[in-house]
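Have a look at these structures, which come just after this line.
First chain A sits with chain B, and in the next complex the same chain sits with chain C.
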Partner chain A sequence: MSLVFRIAREEWRLWSRSRVVVIAALTIAVLVGVTSLLTARGVADQAANRTARQAEAEAAFFAQPDRHPHRMVHYGHYAFRTPPPLAVFDPGVDAVTGQSIFLEGHRQNTAMFADARSGADLGGFAALTPASLYQLLVPLLLIVLGHGIVLRERESGTLAVHLAQGQSGLTLMLGKALALAGVGGLLLLPVAALALAAIAGGEAPLAAVLLVGGYALYLAVWALFVLAVSLWLDRRSVALGMLVFAWLVTSLVVPRIAIDAASAAVEAPGKIESDLAMLSRQRAIGDGHNAADPAFEALRKQVLDQYGKQDVAQLPINWRGVVADYSEKKLTALMNEIAEDRMTREAAQSRVVTAFGIVSPALALGAASRALAGTDLATHHRFLRESEVLRYDFVQALNNLHARALTYADDAARSSDPEAEARTRVSAKAWSLLASFRFVPDPASARAARAVQPLGLLVFWLAVLCCAVVVGARRLRP
Partner chain B sequence: MSALLRETRFLLRDRGAVLWIALALLLSAAATGFGIVEVRDQRATIAMLLEEDARERKSALAGQEDWGGAAYAAFHLTYAPPSDLAFAALGQRDTAPWLHRVRILALEGQIHEADTRNADFGLIGRFDFAFMAATLAPLLLILLLHDLRSAERVAGRHDLLVATAGAARQVWLPRALVRFIGLSLGVMVPFWIGAGFEGTAPGKVVTGSALVIGALLIWWLLVELVARGKASPPVQLTGLVGLWIALALLVPATARALIEAHTPVPDGAEILMLQREAVNDAWDKPKAATMQPFLARYPEWQAWGAVDKPFAWKWYFAFQEVGDMQAEPLAKSWREGGLARDKAAGIAAFLSPASLVERGFERLAGTDSRATIAYEDRVRLFHAKLRAFHYPLLFREPPYDPLAFAKLPRYRPEP
Partner chain C sequence: MTDVEPLAVTPALEAHALSLVREGSRVLDDVSFTVAPGEIYALLGGNGAGKSTTLLTFLGFLSPSGGSVQVNGREVGADVAAARGAIAYLPEAATLYGHLDAYENLAYFLDLAGRRVDRAALEAALDQVALPPEARGRRMQTYSKGMRQKTAIALALLRDTPILLLDEPTSGLDPVAIDEFHAMVKALAAAGRTVLMVTHDVYGACQVADRVGLLRGGRLVGSFEAGPQGRIDTETVHAAFAARGAS
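Take a look at the complex of A and B:
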């Protein structure tokens, strides 16, 4: 054991003397530090800002004066997607999806005002986050450090000396692996610190620990890959070229190819496209603003029968409100069907993307990281679904008020008779029907379940590379 | 000339070099192919939506009985079709909307709708030609050229070669030139073929090609400077990859962070909230509170400006416009903030050849932030035309005649 440790210590000593290594390591350390601080501050600002705005939006709704309930349906409400605690490490899709959504009757709006839209466009990579630094740059540091870990000894002839002294290839390898693991451990400290901060901010320990574990797994995969290449190839410059090439393909090319492939493989119509496709079916439901729409004939008969009346004017409830309630219900079912279809297709696209993780550890880790942090596409979909429930509930509560608190005669005359109009105004006290909304991502266990598949891909790579290293170490010859 | 031919023969026997060039060709072909598939898809979507939109408008107008109801019901498709070069640089088309359906209601409530695709696409980004040429090609060039000298040094032939050739330049220049040309062709040929398929304007192809080759020349110069040092091949490659990271990744990201901190834009959500409050408050305010600011902007409707019923369409649409007017300063500063950031980014891009190439391509392809804002401006212009069409009907109230809608303004995309 002490031999293994001595080999590792020798490696650390060499690295600490190499200017290239020290400069590279310091650069990465500074980058990770600065990016972590900036991202953490930015996300904290966003979280505070959106939480405050959510409360403001609620207060504004409650503060509306007495008015016709349907006016409140169109006054509407806002839902804000507050970033979860782990977003300080991986903000994920937050910058590309809108952060707020306007909720009103008869419509499902899109989330608006994504940061990416007003961002300064310098092409290439999105803004740096701690997560993207780990996914992209840290492997390069491992490559720079480790590509010569065995080859250096081979090229200088010391490998023969080691082996002649009776050290087995495996012992040597364990020492080298320990040396890289030590670096990996150091590199993980900032992730661990951010994870701890997230736990302090209310994150479930399970998600935070798995996140750190995922990155540890990723660094282990790269370290083993570097080790394997250093073992199996026989020239340093070839090994380095090969490693840089592998990094380029798996970290830069495959993820983007995966996006193109997913876009080509699964057709997912945009909102406008699916809205247009929905319109003819929407007309069959009828316009809820127009109680005389022939589409409501069956409903009219049914309600009249139920109350034993001949005419809607004799009903004890306001027929217009009944229609508003009924058409909102039908329309929402239709809109949800379309929205669910779109989300299912988007999820299918994302599954295609994640499947490419089999050839790109960076892609697999990215998917796992966003899932665990609660900043993935599925969490955004959850936000859309939850805000839709919020929308439907307050709209239907208002429609219910419309049907029960107003008389049909006043409601029908309100456009031309100011006195009737005044009587259709409901007391502002009723606006407290709006439910409070604070967005939180899925529970940690559900997020962990989503991360299992991509993490499994990483484990698969770890196993394959372990075998490659062990086999390579056993047949190690000078 | 004979030196070039000799080096070409050597190149063909150098498996490593052939591999990098073949890879460049393959990646470039994939990027171009995916780009063409995507823009054709987008064009097909637009063509299909245009038909649907016309049909929908017709049936929405069919059931109407007054001018106000018709104005309320008629939606209009606006869109920004992909240009003949968009296949090479999809740019902002994944994060900014290029389709809207607008009607005469307050525009601020409609124009910020984001009809964007899968969020993962915007996050990870597409593998388009601009990314390939701006970011990956330089890295391939580095891998191809970094050990020209040092490999010969390691092989022990370096001094002999230089001595036999007379001048060092006569050995390395032809050798590097042949590799440079090989890589450039590998990158550019698929793009040229793609441009042929897409019928891209020759001027854009020439400018785009010059941009890519110019940037690659800069990278070659950088490689050359590092290669003159006497460091070992791995150290040189490490240095070059470090340089690549600095120029292709860190400089753009840092510039971006600095620009965004330095040029704040108003919180978009505020535009919408302000507009909503303005529009909704109008219901409860006296009619004059709406009609006064409205008539100040449109004095021509003064004579028809009186509203004596609790509800009148002209008042309804007037307060929609007054809502837009209230949000105008904020919307304007949002737009100008975006433009200012883009301008600053354009200057910062000179620090990074990779940013310069990508931005250059997006500009040529009309997929940059400026083009996105130009599209928004067109939507605003079209919406103003819609208002100009409907206001005379709403205020003068001639007898309802659906035939008038044959003259509804039509959205025309930028040619």
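Take a look at the complex of A and C:
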């Protein structure tokens, strides 16, 4: 082991004495440092802004005066999602999908649309975040450092001297691998620091540790790939060209192909298409604002039969409120059906993109990173579902109030009779029907479970490359 | 005085009917020779004659297609580590690490060979190869070819192995350095080291070696030993070398 370390130490000494290497390493270090600070600051600013807006929205909502319950249904409210602490490292889809939703009656608002999905699948590709830096730029540093790690020895003749000292090719390769691993370890320090900060901020240690482990795995894959290429090829210039080409293909080209393939394999309608489809089906449900809509005829008969009355005006409950409740229930079922279909398709697209991790470690890592950070599509979908439950419960609570606290006569006459209108106003205390909404990240075990497949792909890469290095090392000749 | 039959001594190096085919062409063809302990054997030949290839087979870097190579009586292929452990190898155009100075280079490569030597031993070896003291602390990338060669020779000496394989060891050295090198090799042999050197320098080979083998096209086509004067006749070897077309 000491020999392996000795070989690695010599490599580190070479790199530390190389101006090009030092400049490249410093550039990456500065980029990682600055990006981490900027991302952390951005997330903190967003958090402060979100907290302020949340307080503002809640204050404005609860400050609403006594009024007709259905006006509050349309007044609406915001649901906010606090990003998990690891979002500082990998904001994931949050940058594209947003972290708040406006909740109102008869609508499911969402920020999801096709362009946003594309960006999301790339893990915020356009934005320079610590995660994207690690996924894209750090491998380049390993390529610059390591492409000649064996070929340099071969071309200068020192490989023969090494082997002639009685050391096996495997020992030499272990030393070289340790040298690259050392660089990888150094490069992981900022990730580890951010992970520790996240743990201090309440993040589950398991998720943070697995995130660091995932990036370690990714850098190990690149380190072994660089080593294998340097071991198997004959010339440094060819090795450098091949490594840069491989980086270009796996980090830039394949992710785009993956998105196109996902779109082709799983068709997902855009928001406009979804809205149009929903509107046409919504017409069949009827307009909940119009209690005389023929679509509610069956309901009218059923309710009249239930209460043994001949006319809706004789009902002990407000027919308009009953219609509002019924139509919201039907409409929500329809909206949920469409939303679930869309989310299922998006999840399937995301799985297709992740499956491309078999040819692109960057994609595999991106998927694992977002899952572990709690900024993946699954988390966003859960936010949509939970906020929808909040929206539906609140709207139906108001509709129930509409049906039971207001008389049908007053409700029907309120636009022409100011006194009736005054009687249809309910106390502002009722607005507290809105439950407080606090979105919490998935437990670490659930996030880890989602990261298993992409991390498995990285392990697969690692195993294949280990074999390539071991076989190459055994047949190593000057 | 009784004529006693000499004891059979295991050769330090032995090639027996050695053949090697690389990329479809026969590089070595039925080469056989032995080098006794303490002997200096020079393999002479032109470019492409198979000299360096022969050395690489003794190190186990190349496996024979036919025949065998042995180090201290043991088949190289059976225990490559043992063969390499017994041999100090000086490659042609020896290059150590340019970013290290002479001391650092020697310490590193000796570490790899499992040898730890103190500073005094390093200085003694560098004195022996006459590397200027003021150059020893400088990075090797600033060295001339001769200085790099001297450092590599110092490494071979410090390995303290019973066998030295030298590939074109005087290439790039000035005449004075060559004379000093030859003297050093003779001293090493006198101390019991076995030396197999390959070269295309007829004069140098005849001056330093006990025996000279002439390689041509991968075949050993001639063998020359010291005459009554204790030296190999340069003219004879040169004539053979030239007549047979060098390679």
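Criterion: the second predicted complex is superposed on the first by the 462 of 478 C-alpha atoms of A that agree within 3 Å, B and C clash if a C-alpha of one lies under 4 Å from a C-alpha of the other, contacts with A are read in each partner's own complex, and residues count from 1 in each chain.
Here is the rule we use: contacts are C-beta pairs under 8 Å (C-beta built on N, C-alpha and C of every residue); 3 or more make two chains touch, one makes a residue touch a chain.
This is a predicted model, so every value here is computed, not measured.
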| item | value |
| --- | --- |
| Contacts of A:7 with chain B and chain C, given as first, second, both or neither | second |
| Chain B versus chain C as contact partner of A:33, first or second or both or neither | neither |
| Touching partner for A:417 - first (chain B), second (chain C), both, neither | first |
| First, second, both or neither for A:443, with chain B first and chain C second | neither |
| Which superposed partner A:17 touches (first chain B, second chain C, both, neither) | second |
| Touch count on chain A, higher of chain B and chain C | B |
| Contacts of A:264 with chain B and chain C, given as first, second, both or neither | first |
| Touching partner for A:353 - first (chain B), second (chain C), both, neither | first |
| Contacts of A:456 with chain B and chain C, given as first, second, both or neither | neither |
| First (chain B), second (chain C), both or neither touched by A:166 | second |
| Contact set on chain C toward chain A in their complex | 56, 59, 61-62, 81, 84-85, 87-89, 91-100, 108-114, 152, 155, 159 |
| For the chain B and chain A complex, residues of the former touching the latter | 16, 27, 30, 34, 37-38, 45, 48-49, 52-53, 56, 59, 77, 91-92, 95-96, 99-101, 109, 112-127, 130-131, 134-136, 139-140, 143, 147, 150-151, 154, 232-235, 237-239, 241-242, 245, 248-250, 252-253, 255-257, 259-260, 263, 265, 267-269, 272-273, 276-277, 280, 283-284, 309-311, 334, 337-338, 341-342, 344-345, 348-349, 352, 354-355, 357-359, 362, 368-369, 372 |
| Parts of chain A lying in touch with chain C, wherever the complex brings them together | 3, 6-7, 10, 13-14, 17-18, 156-158, 160-168, 477-478 |
| Residues of chain A defined as touching chain B within the complex | 20, 23-24, 27, 31, 38, 49, 53, 57, 60, 64-65, 67, 71, 74-76, 78, 80, 92-93, 95-100, 102, 109-114, 116-128, 136-137, 140, 144, 147-148, 236-238, 240-241, 244-245, 248, 252-253, 255-260, 262-264, 268-273, 275-277, 279-280, 283, 346, 349-350, 353, 366, 377, 380, 414-418, 421 |
